[in-house]
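Taking it in order: structure first as structure tokens, then the write-up.
For clarity, chains are labelled A, B, C, D and E in written order, and residue numbers in each chain start from 1.
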Amino acid sequence: MGKRVRLWRLLYSSGPRNGKLLVLPLDQGLEHGPTDFFPNPSALNTDYQFRLALEGNYSAIALGIGLAEKYMEDYAGAIPLILKLNGKTNIADDHEAVSPLFANVEDAVRLGADAVGYTLYVGSPKQHHEILQFQRVRQDCARFGMPLVMWAYPRGRAIDAKGGKGTLYAQDYAARVAEELGADIVKLHEPEDTNDACPEPYRSLHEPAPERLKRVVRSAGKVMVLFSGGEKNDDDEAVLRKVKLYLESGARGVMFGRNMWLRPFDQALALTRRVHELMGG
Amino acid sequence: MGKRVRLWRLLYSSGPRNGKLLVLPLDQGLEHGPTDFFPNPSALNTDYQFRLALEGNYSAIALGIGLAEKYMEDYAGAIPLILKLNGKTNIADDHEAVSPLFANVEDAVRLGADAVGYTLYVGSPKQHHEILQFQRVRQDCARFGMPLVMWAYPRGRAIDAKGGKGTLYAQDYAARVAEELGADIVKLHEPEDTNDACPEPYRSLHEPAPERLKRVVRSAGKVMVLFSGGEKNDDDEAVLRKVKLYLESGARGVMFGRNMWLRPFDQALALTRRVHELMGG
Amino acid sequence: MGKRVRLWRLLYSSGPRNGKLLVLPLDQGLEHGPTDFFPNPSALNTDYQFRLALEGNYSAIALGIGLAEKYMEDYAGAIPLILKLNGKTNIADDHEAVSPLFANVEDAVRLGADAVGYTLYVGSPKQHHEILQFQRVRQDCARFGMPLVMWAYPRGRAIDAKGGKGTLYAQDYAARVAEELGADIVKLHEPEDTNDACPEPYRSLHEPAPERLKRVVRSAGKVMVLFSGGEKNDDDEAVLRKVKLYLESGARGVMFGRNMWLRPFDQALALTRRVHELMGG
Amino acid sequence: MGKRVRLWRLLYSSGPRNGKLLVLPLDQGLEHGPTDFFPNPSALNTDYQFRLALEGNYSAIALGIGLAEKYMEDYAGAIPLILKLNGKTNIADDHEAVSPLFANVEDAVRLGADAVGYTLYVGSPKQHHEILQFQRVRQDCARFGMPLVMWAYPRGRAIDAKGGKGTLYAQDYAARVAEELGADIVKLHEPEDTNDACPEPYRSLHEPAPERLKRVVRSAGKVMVLFSGGEKNDDDEAVLRKVKLYLESGARGVMFGRNMWLRPFDQALALTRRVHELMGG
Amino acid sequence: MGKRVRLWRLLYSSGPRNGKLLVLPLDQGLEHGPTDFFPNPSALNTDYQFRLALEGNYSAIALGIGLAEKYMEDYAGAIPLILKLNGKTNIADDHEAVSPLFANVEDAVRLGADAVGYTLYVGSPKQHHEILQFQRVRQDCARFGMPLVMWAYPRGRAIDAKGGKGTLYAQDYAARVAEELGADIVKLHEPEDTNDACPEPYRSLHEPAPERLKRVVRSAGKVMVLFSGGEKNDDDEAVLRKVKLYLESGARGVMFGRNMWLRPFDQALALTRRVHELMGG
């Protein structure tokens, strides 16, 4: 029951309010270091993202325990929180990537979050650990009625040897994993065009971008798909074309971070409003 | 007591209802990725398998927590559930295969399942972990009265060096492991013909298929054996010959997934009915 | 107190009833696979061993949870059970041998066992894990008053480099380990004659078999020693000479599996009776 | 609430009493061995540091459980304690550095500490373990209202390959990690000048020391930054220039160990007083 | 409070009764195998050591759970017990030495022990595990009021590369580790003379034996130091000179095993009495 209450809040009482999701993520400081903020130093102060989420009427802001505890006080209640539970630095390589928990579902309950976020490194040689750890999170979610957003990220030596993390093979598999392991919402990336090193039948498959996206959405089944914005793109129109493409593929929404908060605040807000128009909220 | 109640439901109040078992498994999306669904894309939607299990009068459907929670609502009560508790992707290789839990026996109880499924990678260099994890599942099963179905799969570098996972040596050993570790039902594969790289006495053993199957069934002792259908075979008659052979070997039933749900729905249903005839239900 | 009650049952109310122990072990199916049963296929059915233990008046039968739960019903109370708690297959090599728990002391209590059995791979590079796991078993035994039988097996790359698992050095060390770690009863093997690769003073030690056995028994201190029968020997007289030798060395008894249950039932029973005569029960 | 009480004690009822922090750390005996005490053997007796902290009016003394339990009795209440929870020797190398807990938050509560200290080896190939262990400490801190000081130390093979632990890249990343993982206070080192082996944009960045320090403080966000004094510098004026520089960069204070307690007591006290003047307490 | 009671018993109501400690250790059978008993086979029977400890009026006997449970019955109350909690065989090498727990503090309480003993392999590449495990023991000791004796043993590949376990560098570091981690009593070895491979300043340090011993005692701070006797020395006078030297260095006592119990009983008793004279009890 709690899960339905919280999902309803995310889908119908914030953001576009029509079942679509527009999420502002901020975990790049941990995942990539301060490097990501160089193009817009003011974004280093997390108030920037909270203000953008609030004024831009996002469905939710997604960040970790340290940022949530320190900055949310002034925005509590005004903007739903997706508490990101695990993460790591990118200083060591990703050959056997694992993403340790640095918070848990009880923290999310305590902070009044409406969902938790969990990164699963699909296909990592250490997937064993990843999946076991995910199980405990999923069970806590069941216990507390907490929606679970999976960052389903193919990663590690093995997927690299099969074409890499961005291929249709990788993203399509990740979508299915999210469904089978029990996520409610999954964050995926738009699959790339190249598939030369993928296993069959993907290697022989040549589909245009809209078909690739639809395929991935289909593989996620009843899991709501959010596509990621990836690195910053300075061209507003290109960003909007992406959003449109993703929505037309059947995705429930988008999770755009750097493409939003690396813009000057007013530009980010303006772009957000145009995204809202596309989402019909 | 609970175990007897649940086993009775599987054996005598669904499926053939004569003590034989006809199980429809669906864990291939996690284990192999969406690849397996290419021959029949409609099977990507788990409603397909639930409908087939229901209309085809299967003894049970076997799948994981994500699919169970999302699709079972419309079929709850109408078709017994074997909740598969562990699994992994096949992106990384199987040299040191382990299969992490992504659900537990309490989840099965909560969902009203009539059994749980556990994959044990027999003989893996990490068998240590596999067996320890199995122990906890088995003890939870004892506590909750939950029947335990073991997917007894020889796997890893060591079995490869001794002839591979499909040999009589491998399958025969797996059958005994299931009995000694405390499974109620075991899923095995039909042993292959080749045994050149197996340890003695298997290397010198040359038995026809029916004898090989009987040997494996004998090694499983009081554990009920289900043979797997393996990859899809387009020839209905061949599939039926297999079922007949398995039943004549003393197996309690079959667990056929891709050989069923990769057929168009009506063909799958028709084939299922012919299997029922063989099973005498 | 519970421990004394259970030990009394093993020593004085079953088997020879004079403080000596005659134990029938059956863990070979897990440890070696069905291979071991080829000389006597009827022994694959665990009823064989239960009947032999009962009619042959053994002190106890030693086997794992799967066999105990499935076959003991008809013999419960009539023959004491030593529940073997850990084990593994021999598919992967033993360079870093570990033996995972597949049952625990609570299972033994639930099944009415009179002792538990634990295999410790003495000197394995992973002895760390082995000893930690043993500690938990020993503490549960203290809590439940359960006698603890240690299968003290030197194993792994390090003992191989020091002459191997069968040397006097290895068996003598294993005996002392059993005493220091807190076993009540220890199962050991008769030490071999060769010691060329052993550390001093063993390398320079040349003792006849009776002296070697006495040495090992002495090193076990107050722990009761059972010697193992090892592989099958077709010569009844040779088997009996072994038993006599072991008893004269100060051992409390013998644990003979394949040398018993690989014989046709009547021969096994007849041999057992001659062993009883030697044991003076 | 407890956290505010304790932080208030550290910031306003001891040390400079103006919100600035002057902390005396003593974990070098464990981290580096007695080596560090050779220049001033009297510092081997922890009474030395307690007396210095008391007479020098430090905000707190930071040390581990062994020293706290043995020496604090005479100073309890007079000087706040930051209980250092983890540590290791430097005998083995730091390629895959991890810092095990040797005390926990409950110990801190029992001893009346006003904060706990935790070393996180940022970017270590074993960061996985580091972060998981940190999570449990952070959650205990939340439960007990205990402020958390992170020693955010880039360490290990991976950071060495990217320029080393002392670069701006490393220190800047460490600052952000402290904020995202949920520290209250972070101990950092002054970033070095060289960045040739760092990833971009750091490699191309050439900022003077004050700018580098300000950048790091900015990346720590709302986390209070303490800069470390590092190895002993015999020149008092140089030490004071450092303190001044750090405070001007926005740091909340300094944590100077060897630069204080490796001086003769009277000199250490005199230098401490001059630091107080700079801190305006 | 319990800790004070128990320490008082060790220091003032047994052994020399003047605050000095004379401890008889017996863990060599596990640590080195029966090898150590060859010079005096009667010492294989633990009654030997208990009688020696009792008649020789030792402060305590130190041994593991197996020996304590089997032999202490006849001596309970008459001689204080230091229950050794962890240990291992020396069959595998010590490159990454770890010493697993085979008993815990609750066992010590149950057996009426007056202290527990814990071996910490200082500087082992697996020190991480060692320290974490030690933490749990220390916390249990705090909970139960149990004194904690650390066998602080430098060990492993890393210390070997820095001169070995017997150097002043190694022993001095071990002494400090014992103090910082929270031991009450530490067992150390007399530091050797050679330091060519040690890090500075030890490499350049050339101190006579008494100075080296005093240095180590000083580094242990408030932790009471016991020096080990090491291997057997047949020369009684040499043994006594050692004891005198150790006591003059500030040590609280000695822990001499093989130098006592490898002598014939009467000789061992006579030597013990001469040690008592030196200790002034």
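Structural remarks
One rule holds in what follows: contacts are C-beta pairs under 8 Å (C-beta built on N, C-alpha and C of every residue); 3 or more make two chains touch, one makes a residue touch a chain.
If you're wondering where the values come from, they're calculated on a predicted model, not measured in any experiment.
Chains touching both subunit D and subunit E: none. Subunit C has its Cα centroid 56 Å from the Cα centroid of subunit A.
For the pair subunit A and subunit B, the distance between mean C-alpha positions equals 35 Å. Within subunit E, no positions touching two or more other chains are listed. Annotation: chains form a contact ring; the order from subunit D, going to subunit E first, is D, E, C, B, A. Listing the residues of subunit C that touch subunit B in their complex gives 27, 29-30, 33-35, 38, 41, 44-46, 63-67, 69-71, 87-89, 91-93, 98, 100-104, 106-107, 110. Residues of subunit A touching subunit B in their complex: 122-125, 127-132, 134-135, 138-139, 142, 154, 156-159, 162, 169, 172-173, 175-183, 199-202, 215, 218-219, 221-223.
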